[in-house]
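In what follows, chain A forms one complex with chain B and a second complex with chain C.
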Partner chain A sequence: MASLKKHKSQEMGLHDEVLTGRTQQVFFNPEESENFFYHDAYDVDFNKRTEIDAKNLDCREINDKIKNMMSKGYGTIVIKNPGSKHSVGVGILNKLNLIVDGSLGYFGIGSVDGPTVRISGRVGWSCAENMMAGKVVVEKNAGSCFGAAIRGGDLICKGSVGARSGIDMKGGTIIVGGDAGAFTGFMMQRGRIVILGDVGPNLGDSLYDGTIFVGGSIKSLGADAVEAEMTDLDVAWLKRKLKVSEIDKKVDFKKMTKIVSGKKLWNYDNLEPTERKGAI
Partner chain B sequence: MAKKKTKKVVKKRKSNSSKDKGIKTAREKMIGQHIGYRYDVNLLPDYNRLTPFLKKYIEHMGWDDLNWLEDVHMGYEDGKPAVFDRNINGWVTTPPKLKLPKDQQDRDMIARELLIKFQMSSNHPLVTLKKAYKKN
Partner chain C sequence: MCGIAGIIHKGKSTNVGGEMQKMLQSLKHRGPDSTGYALYGDGESNNYILRFKVGENVKEGSSAVMEDASIYETRKDEVNKKIEEAGAKIHKQAQITPYSFRYVISYKGDLLDLAKLIESVEMTEILSLGKSLELIKDIGDAAVVADNYGLNKFNGTHGIGHTRMATESGVDIRSAHPYWAYPFSDVSVVHNGQLTNYWNNRRTLEKKGMRFMSSCDSELIAVYLADKIRNGVELEDAMRGSLEDLDGVFTYLVATKDKLGMAKDHMAAKPMVLYESKDLVALASEEVAIRTVLPKEIDTYDPYEGEVKVWQA
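== the complex of A and B ==
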C-alpha cells in the first residue's frame, strides 16, 4: 500500500475518486473561452491534402506517417495501395479527413476519436472496433464483428456485413445498407443499429439496452430481444441519419421494425449503483 | 468529585430505505430495487433544440450531426444532476449556479455542452495523467 501511495496517479487523487465513488469535481470554469479540441490535438486544415503510398510500408509505418502528417497540419490524407493490410488508421484522436483508396484487413480504423474516414473498398473483421467518435464510411462489404464494442460515432457500411456486428457496443450508430449476419447486436448495451436489408438469426441476442431498426426481414430474434413501436422521433432521426450515412436508398421508415431489450435478462439489477455507472 | 452526567447518544440505525427510494415500476417491485436510470438512456436528440455552442462544435469537427454526443444525457450522481465522462469513467456534476430546464431534451443539450467544455479543458484530469505517463 505504501508503494501505491507514492504512485503519481494516487497523488492526483484519481484513485480515491474511483474507490470512494465520490462525484468528480468540476475542473474547469464553464465561462472559459470556447475550445472544441482535445488539449494536445493537432491543428489540422481540411484543405491541406497529402497522399501516403502504403505499398511498401507495414501498418506501423503507415500509422506513424498519418500522425506525422497531422502534426504538419494536413487535414486530408489519402492512403494509396493499402493492400488490405491490418490495423491501419488506428488510434487517431483528432479531427481528420482520411481517405483509404482500396480495402483494409482486420481491425482497421480501431480506437479512433474524431476523424471522418472513407474506405472505397472492403474491410476485414472488427472494423472501427472501440471507436469513440467520428464517421467511418465503407463503400463495399465488411467482415464479422463490424463495429465491435464501439462507444460513439457513426459507422456506415453501404454493402452487407458479417456476423456479430455491433457486438458489445456501448454507444454510437451502426448503419448497414445491405444485409447483416447472425447475432447482430449481440450483448449490445447502448447505441443504435440500423439495417436496411435482411438480418440473420438471433438478432439482438442478450441485449441489455439500445435500439435496432430493421428494414427487411428478420430470421429470428435472440434472447430478450423484443419488438417495440416506432415513434415520430425515431422516424425523424432515421431520416436525418440516412442522409448522414450517404446511402442512396429509398426507405419507408414507418414500416421498419424496431427492436429493443425486454429487460428480463437485465443483469444490472444485481449491481450496486457505483458498479453500474461503468456500463453507461 | 461528582462525575458529569453524560447523555448516552444512541445512534439511530440507518434504515436501508434510501437505497430503495424510487421503487415504482412493476419490474422494480419484483426485484425490490430501484433500477438506477432516472432518465431515458435511449432518448434520441431533438435537433430543433441544439444550442449555438453545439452548432459551432459540429461545424468545427466537420460532421453533419451530434455524432458521439447523441449518447450523452444528463444523469444523476448522488442526487445531483451530472454528466458521465467516459474518458475518466466518472460523473461530472453541473456547476451549482446552473439552472437546468425541466425538459430532458433541453437538459441533454446542456449536458453535451458541459461535457465538451470539461473534456477539452486544459484542466481535465487526463491532461495531467498524460503529462506524467506519455511516452516520448
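== the complex of A and C ==
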C-alpha cells in the first residue's frame, strides 16, 4: 500500500481514491502490458470477421464455435439468432470483438477477461458475472444480478436493470442508463456503480467499499450505506466514464447522489456485541 | 427452482394449450418432476367444467400410495352419486387417464357445498371447478402431460403453468401446481419460491374453515387469495396484501376467468421476465419460454420487487 502514489495509472489521473484497511488495490500498469494476456490466448485480428448462426445450437456448441473461431484468428465474431439462450459467451479469456445480434438469457458473457462485447438486445440474470476485464454494452434491459462479483472492466446497460446489480462486486464499473431494482450494490467490496435513473430499496446494503452514484431517486439505503459529498474529481470521472459508456443522456453530474460505505460493518467481526447492534 | 409461465391474449381466443405446452417444455430444466396447466377456454355455455382425480400418480418422496386401478371406477361412481345428491346434473363425462376425469355439469347451488360432497369420496380431489378454467397436472414434462390430456389443441384466451422441482413435498399430483383457489370458480395459482411462514398461515386459515389438500407451501397462496376473495377483497388488493402477509421468496401468477396477474416479493429473489404488447402479455421465469411463442426479437423486462400487475383478457 505504501507505493500507491507511484503507480502510472495514478499519474495518468486514474484511481485517486485511496482506500485504507484490508482492500487490495492492484492497479493497471502500462509498463506491464504483456502480463495482461493469458499464455494460451489466441492471436486474433479484429479486422478478420465471421458469423455464427446460433439458431440450432446449444450454449456449449456456441461457446465451442467462438473458441474455434478465435483459434483461427478471427477477432470479430457476430452471433446471429442467440434466442435468449443461457450461458452464451462465457469464459472468453482473450481480446475479442464479440457482437451479439439479439438477446441473451442467464449468465451471458460470464467469467470473461478481455473481450469487448456488444449485445443489441436484452440480457437475463447475472450478465458478465465474474468479469475480470473488458467492456460489455447491453443496448436494452438487463435482469437481476447484473455484473455480480465483477473484478474489473466496464459493464454498461443502456436500459434498466433488475435487483442486486453489482452484488459482491470487487472492482470495475457498472453503468446503467435507466433504473435499478432492490439491493443494488449489495455487499459490494470495490469498484463503482452509476445509475442514471431511480433505484429501489436497500441501496448499497452491507457494502464494504466502493462508490455508487445515482442520478434519480433512491427508495431507501441499506445497512451501512451513507451519503457522501460529490467532489470535482467525482464529476470529472463521471463525465469521462459516461462518454465512454455511449449513453446518450443529459446528466447534471453535480446533482447526482454519491453513496459510500459507512464502514461500521466493515470490521464487524471485531466489534463488541453492543457495537454490533449499533452497526445494524 | 421451478419454472412458471403465463400468456394472455387481449380480446382473442387462440391455441393457448399449444402455446403453454411450448413455453413449459422450454422450462423443463427448472423442474422435471411434474407439470401443470391452468387453461382458460371458451367454456360450455353456463355449465361448469369439473376436473377431478380419484387417485394419485406417485413418485419419490410422496406419502401417497399407488393403488390398483380397479378402485378408480368405484370411486367415480361414488362421485357421480354425490353430484346428483348435491342437486347437480352431469351433461358430459370423460375419463382422461385411469384416475383423472373431466365432467360438464350444471349446478345452481353453493360451490363449497358441492365441492365438499365430491371430496368426501376417498382419495378424490377437485382440480378445478369453473366455467372456463380447466386445471390439469400430472407427473412428467409439459409434452408428456399435454399429450396424455390432449391439451395441444386447447383454445382459449389465457393460461398459466408450472414445471415443478419438488423441494417442500414429494413428487405426486397433489403437490403439483397449479392450485385451484377452492372454492372459487376459475381462480388458479402457480408459484416459484419458498414460503417461510407456511404453517402459521395455514393454521390461521384452517381455523377459518379453509381446506388444504397438500403439504406444499405453494397451496397457501391459492388458499390465502381464496380467503380474501371470500371476504370481498378485490383480486389485485388481495395480491398486494399477500406481499405483506407471506414471508419468503416468491414470484407467483394468478389467473381468473378474464384476468392474469403476477406478484413478486420484496426481495425480487425469484425471476420473472415480461413481454407486453397491445395484443398479448407473455411472462415466464426465463425469456427462452417466451421465445417459443414469439421467436422474433422482442423487448422484455424484469418486473421490480414488490410489484403486482394484472391484465385483462
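The rule we apply is simple: the second predicted complex is superposed on the first by the 231 of 280 C-alpha atoms of A that agree within 3 Å, B and C clash if a C-alpha of one lies under 4 Å from a C-alpha of the other, contacts with A are read in each partner's own complex, and residues count from 1 in each chain.
The rule we apply is simple: contacts are C-beta pairs under 8 Å (C-beta built on N, C-alpha and C of every residue); 3 or more make two chains touch, one makes a residue touch a chain.
The structure presented is a predicted model; accordingly, all values stated were derived computationally and were not measured.
**Student:** Name the contact category of A:E139: first (chain B only), second (chain C only), both, or neither.
**Tutor:** Neither: A:E139 stays clear of chain B and chain C.
**Student:** I'd like to know which partner A:R122 touches here: chain B for first, chain C for second, both or neither.
**Tutor:** Second partner only, chain C.
**Student:** Chain A residues in contact: does chain B have more, or chain C?
**Tutor:** Counted on chain A, the partner with more touching residues turns out to be B.
**Student:** In the overlaid three-chain picture, which partner chain does A:R240 touch, first (chain B) or second (chain C), both, or neither?
**Tutor:** first
**Student:** Which partner does A:D209 contact after superposing on A: first (chain B), second (chain C), both, neither?
**Tutor:** Once the two structures are laid over each other on A, A:D209 reaches chain B alone.
**Student:** Please write out, lowest number first, the residues of chain A touched by both chain B and chain C across the two complexes.
**Tutor:** Common interface on chain A, chain B vs chain C: nothing in common.
**Student:** Would you pull the chain A residues touching chain B in the complex into a rising list?
**Tutor:** By the definition above, chain A touches chain B via 8-9, 12, 14, 17-18, 23-28, 30, 32, 34-40, 46, 95, 97, 114, 116, 132-135, 151-154, 171-173, 190-191, 209-211, 233-234, 237, 240-241, 243-244, 260, 263, 266, 268-269, 273, 276-278, 280.
**Student:** Which residues of chain B touch chain A in the complex?
**Tutor:** 27, 31, 33, 35-37, 41-42, 44-47, 53, 56-57, 60-65, 67-71, 75, 77-78, 80, 82, 84-86, 88-95, 98, 114, 116-125, 127-130, 132-133
**Student:** Which bits of chain C are touching chain A when the two form their complex?
**Tutor:** Residues 266-269, 271, 273, 286-288, 290-291, 295, 297-302, 304-305.
**Student:** For the complex, give me every residue of chain A touching chain C.
**Tutor:** By the definition above, chain A touches chain C via 83-86, 102-103, 105-106, 120-122, 124-125, 140-141, 143-144, 159-160, 162-164, 179, 181-183, 200-201.
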